[in-house]
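Across the two complexes that follow, subunit A remains constant while its partner is subunit B and subsequently subunit C.
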Partner chain A sequence: MGDSQYSFSLTTFSPSGKLVQIEYALMAVGSGQTSLGIKAANGVVIATEKKLPSILVDETSVQKIQSLTPNIGVVYSGMGPDFRVLVRKSRKQAQQYYRLYKEQIPVTQLVRETAAVMQEFTQSGGVRPFGVSLLVAGFDADGPQLYQVDPSGSYFSWKASAMGKNVSNAKSFLEKRYTDDMELDDAVHTAILTLKEGFEGQISSKNIEIGIIGTDRNFRVLTPSEVDDYLGEVE
Partner chain B sequence: MECVFGMVGNGFAVVVADTSAVNSILVHKSNEDKIMILDSHKLMGTSGEHGDRVQFTEYVQKNVALYLFRNGIPLTTAATANFTRNELATALRKNPYSVNILLAGYDKETGPSLYYIDYIATFHKIEKGAFGYGSYFSLSMMDRHYHSGMSLEEAVDLVDKCILEIRTRLVVAPPNFVIKIVDKDGAREYAWRESIKDTGVSSA
Partner chain C sequence: MSIFEYNGSALVAMVGKNCFAIASDRRLGVQLQTIATDFQRISKIHEKLYIGLAGLATDAQTLYQRLVFRHKLYQLREERDMKPETFANLVSAILYEKRFGPYFCQPVIAGLGDNDEPFICTMDSIGAKELAKDFVVGGTASESLYGACESMYKPDMEAEELFETISQALLASVDRDCLSGWGGHVFVVTPTEVIERTLKGRMD
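Let's turn to the complex of A and B:
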């Protein structure tokens, strides 16, 4: 990227050594809807609020949690359209890897390549950083994994993490509740309870989205009725 | 006239190649090693144009190393074989490499494996295979004597049978061969079979 007049980067250092554009991008993430992820002993769960701007919006047409490969899923906090672009790019990268090696891309490598894309947009001409942080959940030969990727391009592996509006409350809640030997089902319950903590209004299968991946290594988004079942168990 | 053949045994794979470097009627040398060790647990026996052979095998070797450096884990044999095939296929309709490859490797999860990749990017996973005029003889010998799960001794015995057959029956048979194996302990040279020793330059 970066044509004609914009061969210089718009993300430039401040005198204090910060990249303000990235800070602002993180603020965009911080004001986005809460999302979280929990790595269990036998799988990973990611979840997010799905607050739509009006009751007239058809919620079945909106899917915030997306799969990048059959065994890797992703959720975000921040700007939806930026998320769509990243999902597209990551999916292509995963397929290019497969074309080269006829093997599924390991989770760490897909995370690294996605992070590299995000970093590019902090150092290329005429573009701005992505206004999203991603939570990538995957299951491969190294077991269940959960990664967070920030607009700067840094990525971290987490046992459990949250992003968006309610991040500090959610994280302290997770810190209290997390155990290393948690099973996937317990993790889903904990995820719901964490979302509930900062939820404005009545939580239901229509305004949250949950994605899981287990030992079957198949990432999928739970159907509204499955979400209802979990919600019922939690109440 | 270049001979490359190989087979999979019990927990190992063996690749054999002749070691003559020939240009028309001239033999440059009889101790040219045509089986490149790609990494700790992979071998690539190649026949074909000398320039292409060296260029391409080094290219694959360096890409295998780069993957290891970047990602901290080695490529599997299958992934390496598919990468190799892809490179040959991409170059095929532009500036093809005239190299035939037998790629052998050992992976902890899947054990030993052997891949047949020819110069037009034909790709097969095989238990035994061969390239060149020598293949007429070595394939027949392997068809007769090979069985799956052979021990190293049995396999080397079969290799020697093949080499003998090539030496007796091929009109311009290469005099020397090198045998390399790969198993759980790694890829290494096993033996040479020389009927003509290349003498060094005599001191002045």
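Let's turn to the complex of A and C:
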């Protein structure tokens, strides 16, 4: 950044030992739309609300759940544009790994590298932390995995987790409902019920998005008709 | 005189039944003068992965150090050993990085992969991989080695027979090449053990 007036780090310690910018970033996440993830015995499901600002918005053009590699997907809570930047960087890192080793990147490695990027933005000149928390879902040689990555760059492996507006209710709901031997289908039902808990208005395939990955190791976002089927089963 | 023929070398790797063997000569020369008769051309990356580097000795040593560095970091990050196929791809990428100022080396890689399946490959000095199911050769004696291996090789040999075959192929070939020889160094690797042997051939 050179001699610019902003070449110092904006993320500086407060006297109490906190990095206030990161705290604020977490607040930006906390006021974002709810998203959650559940790790089943044979796969992982991630889901999010997709509340659009007006009925005139073409909901098919908005995709909140993205894939990073054929076997890793990601969802977020917080600022959409920041999410897009991270998706781009992570996809590039995954492809660089493949070019070097001709092997798909393991989920833990990709999470670690993405987290390293997020950490860089808390210790560099003239930049601000990312205003998103990510939920990364993947299936590799170590089985199904679910990771949460925060604006600070810390990451945690979860059996089930939620982020965003309704996080405390969602998490207590998940704690009650989660079992270690859940199958992927049960996990999808649980995910929908958890989203329903804090949902304002009528839940439908137009205002939620669900992504799954199973033993086929192929991450995909469910089509609206598939989501409708699951919603029907849950009613 | 080609830079690849400055030090002289002979390398060969063969696939057996659930095992592999990799062998090299022991001469290190400076053109026509012999400097050392105990030069190590084959090095271990991990228990089930070996790499032999033919060509210019200084590049072979430096390249080996770089590869060990990369592999150690990989082991720390991923908490596992690299598979031979993955390692071969890494070597190829590293060699191509220096496309317009290359390492003057020809690697021969041999390892046991998933389910202890033997894997061998060689590549040129800028990373063009060549996989083979039977044998791969490298170094100044490579032309003789191709001939010797082609006639002596059979598939699915057990460790003992593989050792005999690879040793005969190596010793016969280096006798036809003035820049390699002074004995041989053979590693035979099975899922349970590694046997390292030194061969005595024509000491010239």
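To be clear about the criterion, the second predicted complex is superposed on the first by the 230 of 235 C-alpha atoms of A that agree within 3 Å, B and C clash if a C-alpha of one lies under 4 Å from a C-alpha of the other, contacts with A are read in each partner's own complex, and residues count from 1 in each chain.
Assume a residue touches a chain if its C-beta (ideal position, glycine included) is under 8 Å from a C-beta of that chain, and two chains touch if they have at least 3 such contacts.
Only a predicted model underlies this, so the values are computations on that prediction, with no experimental measurement involved.
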With the two complexes overlaid on their shared chain, look at subunit A and say whether subunit B and subunit C clash or fit. clash
Which partner does A:S204 reach: the first (subunit B), the second (subunit C), both, or neither? neither
Which residues of subunit A are in contact with subunit B in one complex and with subunit C in the other? 99-103, 106, 108-109
In the complex with subunit C, residue positions of subunit A that touch it: 99-103, 106, 108-109, 112
Under the touch definition given earlier, write down the residues of subunit B that touch subunit A in their complex. 71, 73, 75-76, 78-79, 82-83, 86
So in the complex, which bits of subunit C are touching subunit A? 77-78, 82-83, 85-86, 89-90, 93
Contacting residues of subunit A [partner subunit B, same complex]: 99-103, 106, 108-109
